[in-house]
Amino acid sequence: MLRAPPFNSELEDFRHTVREFIRVNLPDHIRQQVAAEKMDLPREDQVCWHRILRDNGGWCCPAWPKEHGGPGWSDEQQYVFEQELALGNAPRLMIYGVGMLGPTLFEYGSEQQRERILPDILNADTFWCQGFSEPGSGSDLASLNCRMTPDGDEYIVNGSKIWTSEAHLADWIFGLFRSSVEARKQQGITFLLIDLASPGVTVRPLKIFEDTHEVNQVFFDQVRVPKENVVGRLGEGWEIGKYLLSLERFGTAEVSRTKATMQRLTELAFAEIPGGTRLIDHVDFAERFCRAERALHALEMTERRILLGDQRAESIGTGASMLKIRGTEIQSDVFRLTAEASAHFAHIDIPRSQAGCHSDSPYQPGDAARNYFNYRKTPIYSGSNEIQRNIIAKLELDLRS
Amino acid sequence: MLRAPPFNSELEDFRHTVREFIRVNLPDHIRQQVAAEKMDLPREDQVCWHRILRDNGGWCCPAWPKEHGGPGWSDEQQYVFEQELALGNAPRLMIYGVGMLGPTLFEYGSEQQRERILPDILNADTFWCQGFSEPGSGSDLASLNCRMTPDGDEYIVNGSKIWTSEAHLADWIFGLFRSSVEARKQQGITFLLIDLASPGVTVRPLKIFEDTHEVNQVFFDQVRVPKENVVGRLGEGWEIGKYLLSLERFGTAEVSRTKATMQRLTELAFAEIPGGTRLIDHVDFAERFCRAERALHALEMTERRILLGDQRAESIGTGASMLKIRGTEIQSDVFRLTAEASAHFAHIDIPRSQAGCHSDSPYQPGDAARNYFNYRKTPIYSGSNEIQRNIIAKLELDLRS
Amino acid sequence: MIDQSTFEQQSLIEDAARRFLEKNYSFEKRREIIAEEPGYSTDHWREMAQLGWMLLPISAEFGGLGGSTALVLTLLKEFGRTLYVSPYLASAVTSARIIEKMAARPVGQQILEKIGSGEVIVSPAIYEPQARYDLNNVATTASTARGAILLSGAKTAVLYGNAASHLLVLAQNAGNHESHREFSLHLIPKDTEGVQLTHYRTHDGARASDVKLDNVESRDPQMIWQGEQTLTEISQAMNLANAAISAELVGAMEATLELTLDFVKTRTQFGQKLSSFQSLQHRLVDMYMRCQMAESLSRETARAIDSFRGAEQDIMVSAAKCEIARAALLNAEEAIQLHGAMGMMDEMAVGHYLKRVFSLSLLFGDADYHQARYRSLRLKAAS
Amino acid sequence: MIDQSTFEQQSLIEDAARRFLEKNYSFEKRREIIAEEPGYSTDHWREMAQLGWMLLPISAEFGGLGGSTALVLTLLKEFGRTLYVSPYLASAVTSARIIEKMAARPVGQQILEKIGSGEVIVSPAIYEPQARYDLNNVATTASTARGAILLSGAKTAVLYGNAASHLLVLAQNAGNHESHREFSLHLIPKDTEGVQLTHYRTHDGARASDVKLDNVESRDPQMIWQGEQTLTEISQAMNLANAAISAELVGAMEATLELTLDFVKTRTQFGQKLSSFQSLQHRLVDMYMRCQMAESLSRETARAIDSFRGAEQDIMVSAAKCEIARAALLNAEEAIQLHGAMGMMDEMAVGHYLKRVFSLSLLFGDADYHQARYRSLRLKAAS
């Protein structure tokens, strides 16, 4: 097997501590959902795990400094921590509040905003979601159209946001809104926080072709928002948004999550099949399996070079785009492979417990194919892979159109 | 093995006749050069084989009507004939005179031009080459710049043509020249015939990275050309050129040539290696071999649908582009596979006769890799595959830019 | 290449199927049908029987229409275009062909008639959970006791087992030696004692079942075949089934391309139609070319089934299935990607094409299986 | 991850190599050198020896500099960037490492010193024409007669056999049983009686030879190793060689991308720079990403060679070689295609990169070989 190089012994000790903590403290019913690649965990499970981590020195917010209740870890520690979460089948961290709004407020927020908002994120008292995309402006953010109009001490917001993950679970939304139509498209955009309980807000679920409820459309009809909810300056939203997307794109490579998926596939591939042949002994499957393993290792080592690299490391800017592209491509490949691995079992659209004569088989009915379908989304979301290729072409290769 | 369906018995009898004729009449030294994938046959060998075919009822010009000395064959007969040439390792027909200028003159030439020119092509007394591309206008033909200026009964031609195959063997060149700069780019182009022996013509060989001499740059410096050498109307060149390229693109799919190459690879793959393992018993090679075989069969059947199809056949126009793309892609794959098949022998840049201890090996030193390199040209020439994709996007899928 | 009458017959079938599906099987209508049991429309089923479609694959000798394979595939391709799901593939194509191959006995002829009239639905119970796609791996046993044959074992992926009246069960004789194995095929009414079915919905909205057999009696006329040729004949019948699946996949590919073209021509991004981006254009061209190549291979399977037996038929069917399954899956994935986030919406058809194409690509042997089968046949062929 | 001193050493080597090659090895100069015998520059060879580069891969214990594998690969990558050809890989990397692995005897130590000073060139004569890339397939025999060992057989792809003073010959003891085979390794001066070489130019402008051995005497000190571990040790040495080749390939990939970017940014078609066409942009991005992934794998081989022995080293080297060889070939093909007809011209470097990349990709095991080796090792590893 291809193994990533160990870190120094201090970090490897840290890894061991994290691994043990997860093994002992992660509730089984949550672990099982994650191991089944479920992305839409119920809010109560997310909160439960978040608070377990919080109570252990603020591990719930690994990138936060100590002054705000985080553990104050180094980049390497954060990297190892996120790896261990994935490999231990722990839920993803709360991306919107912890991973995105937090760092945004450190960088652009007012003191007052930090004091008001950060503790509620740390304690999981407030759930956040993100409002970027709009109907008709998917990857083309500069064209967004959801309007905020000043009215006394408030703004009045009208329009809608789409593909809003977890809006149905959330209390608040942060996002980009159009504050001016006169300026250059990118300049008239402002970063605003809105209480979803405000009158005039409607959250409508969007059904994706896998039956999970993950995304929504959020409608704003004359929603009144206090002016103090603007983060940064008026019209500075485009810049903040870019900063924020750059944070998001690292997560989207999902290297360690894919490693965990691959680990499950490995167990399946090497499992003895009573009366049958091990999957790994089918050479055509084996070759595709090996290919995925090699691609994933190349990706992981590239991720390390970019995130933790020596002084020769490539520019981190387009590195994020590369990790997003290759990460989601490989993730899709691994899910397809896992689905195909299950053969007849892949068809079945019910949980194992209801399946017929398969109780003694290592194959999972249902989930493998469902995940394959569902994870078609990762090459699309968070800036489609086409957009990421445009970014690399322009910024890394200096190709102009 | 995947076998193409037989035609009706009449056509299969015809195939048998052709096959026998080639077997008996094709000189060995020519057959061997073709079997080694040599494209740049000496003129004398081309003439020799051409005349053997001519003396057998005008087979040298399979698409020509009887009145001009051709055999007057049906589409099916022509198709079978070209297949058998390829499978029998016979040289390609003389594409420029026989395949391109001939049909152009049937369609656009004057009676006088037909009488003057066609017999010399039929008898291989005159060798033709084609002048389309110019430095700086590769696939972008409309931008061509080689000028013809009227002067009494003549035109004076200045400029140069590039990538001119076989110009060093040829007596005459036909091509597209700019007769007017005022008109829309496509309108000021005229189809003209030029005697390469005219004062002011220089043919300079272009060395391609395989050492074969196949292409040239042809320079025109105040070259005087009689006005009667214009084919069609003045300014009609663009239309004639399009007609002509459509003829060329069918040839460029090279399906039967690739089948012949694949047949040679098959022999190699199944050959016993004294003291070693048959190539086909290496599963990774075997799979790539099988994949090429399947792709080639799909291509061949698609070619039949397009060229000889029933009434449901797709539009023949973009069919040519598709055959060009897939044909050259598969051809390149097969050459790469053949080169890799030869392992250590592939490196050797000398003919077998000079090789050391390999005399008892079925592998060919040298040629396999040389052909792999050389055939990188086919996805580029005759309208690059990128241009062909643009054509399909626009004409077949109605995608506008 | 193709004679005129065949061409005309194909056009007739194609037109009839297209009219039928346009009228009865809009995307909305499909959603309603698959949401409810039995997961297909029994009204359609009757109408299709009246149109004679179930007689199409059955040879004239057994009272069918004896349509050429090309005709059968024409119909299936239209099913593929609209994501049509029903027990047609299981009963009228696969079971009918298996029975025909072995119908030396009257029971076979009687059931063929009823399949042809749509009166009964027979689903093949061939594959087993431990066997993957290997037809030779049969753990279900047939043993003789008390004057009857008793079948015991487990079967999986029994298509529309919920709707079937009979199962066609493949078993191996108990006590066989590895060197000489005997197989038999049994027509078992579903309500026979000891037959236990678990039904489930499949991802593409169709239905299938797992079957457990616990000392199920197969009395004399129910064993419709026994002998050395059993597996060979079943394998030939599965060739037709795989050719049918390949044709469905080609239909799905065509439809997927069409709806993606429609989408990119209307959708705007960065102030331009999506269709104007050259990199997307070239990917659509590649999708188009894969459709064309798949169509060519699919037509070849029809010829192979009508003209050859044995290895020459096997190799062509496996060539087509592995290439078409891969191409169809890749095209469906590309189609979703070109749709962007809209491609993930349940209301858009494109995601449902991915699901159907995925299911079909696995059915009766996935691309890997047919790739390996091709390679193994190819190695045996003379160079 | 990487300690500071390693990083600085790598920068030093990289700078030195780049200066050396820029000064001495322009594309034009290269053409002159490879056009003439012996197919590399003996002036460079002396200068490189003075710079200590030949001592770099040799461990301090044997008088070398004992550079880490990362340092050796840094140098090779620079060679790859400029298409540098010489006997360096054969002698200073491969032969030196083989001898080091087995240099329990004084003869090995003496020859290592001379390799390190550039005084002698030793070329490995390991592979045989019937064996493809299988190190276990050795038909060359070693038999004892008249107090000497006599070697007979044939070797192929002996790099720069024209320039070598010695060959390192792998042989199998005559009369071995299949179940217990013994191998030995011999250092044979090229002018020994019975050694017959046929030299040839390779497609990438380098040189190689076929060797016939006809009762060639190997007197006592020439047999530098005999024993069960022979193949294992050679296989480990070939891991370093393959890591070196992979690094050269990565260098060639980088250079190919750079020259293609330069080309598309200056070349105009349809009134636009080629670089402005989106479909070409996306293909260039894919080339770029393949470079980056290849670089990551290449660095991993350095770690594997310095940290592991046996399977864990083998699997990483084979992973890198098969992935990098495929990627490099694909990138070179894409580079030519993006150049259009200009890409076929001998005066353009791009075609020569294809040739070099092709040669390197086959050397000491092609992508298929390493793919199969990876798979077989993977199957043996615990899940």
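So that you can tell them apart, the chains are marked A, B, C and D in the order they are listed, and the count of residues begins at 1 in each.
Here is the rule we go by: a contact is a pair of C-beta atoms (placed from the backbone, for glycine too) under 8 Å apart; a residue touches a chain by one contact, two chains touch by 3 or more.
Since this is a predicted model, take the numbers as computed values, not measurements.
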Longest centre-to-centre distance from chain C, chain (CA-based): D
Comparison of A-D and A-C (more C-beta pairs in contact): A-C
Centroid distance [mean C-alpha coordinates] between chain D and chain B, Å: 39
Whole-Å separation of chain centres (CA-atom averages), chain A against chain D: 43
Averaged-CA centre spacing for the pair chain D and chain C, given as whole angstrom: 52
In chain C, residues with contacts to at least two other chains: 277-279, 281-282, 371
Per-residue multi-chain contacts in chain A, two or more chains: 283-284, 287, 386, 389
Interfacial residue positions of chain B with respect to chain D in the complex: 133, 136-140, 143, 162-163, 206-211, 215, 273-277, 282-285, 288, 332, 336, 339-340, 343-350, 354-358, 361, 365, 369-370, 372-373, 376-377, 379-381, 384-386, 389
Interface residues, chain C side, partner chain A - complex: 127, 129-134, 137, 139, 154-157, 197-198, 200-204, 208-212, 268-271, 277, 279-280, 329, 333, 336-337, 340-348, 351-352, 354-355, 358-359, 362-363, 366-368, 371-372
Chain D partner contacts - residues on chain C that touch it in the complex: 277-279, 281-282
Complex interface listing, chain B residues touching chain C: 1-3, 5, 7, 266-267, 269-271, 280-281, 283, 286-287, 290, 293-295, 297-299, 301-302, 304-305, 308-312, 314, 322, 325-326, 386, 389-390, 392-393, 396-401
Contacting residues of chain B [partner chain A, same complex]: 283-284, 287
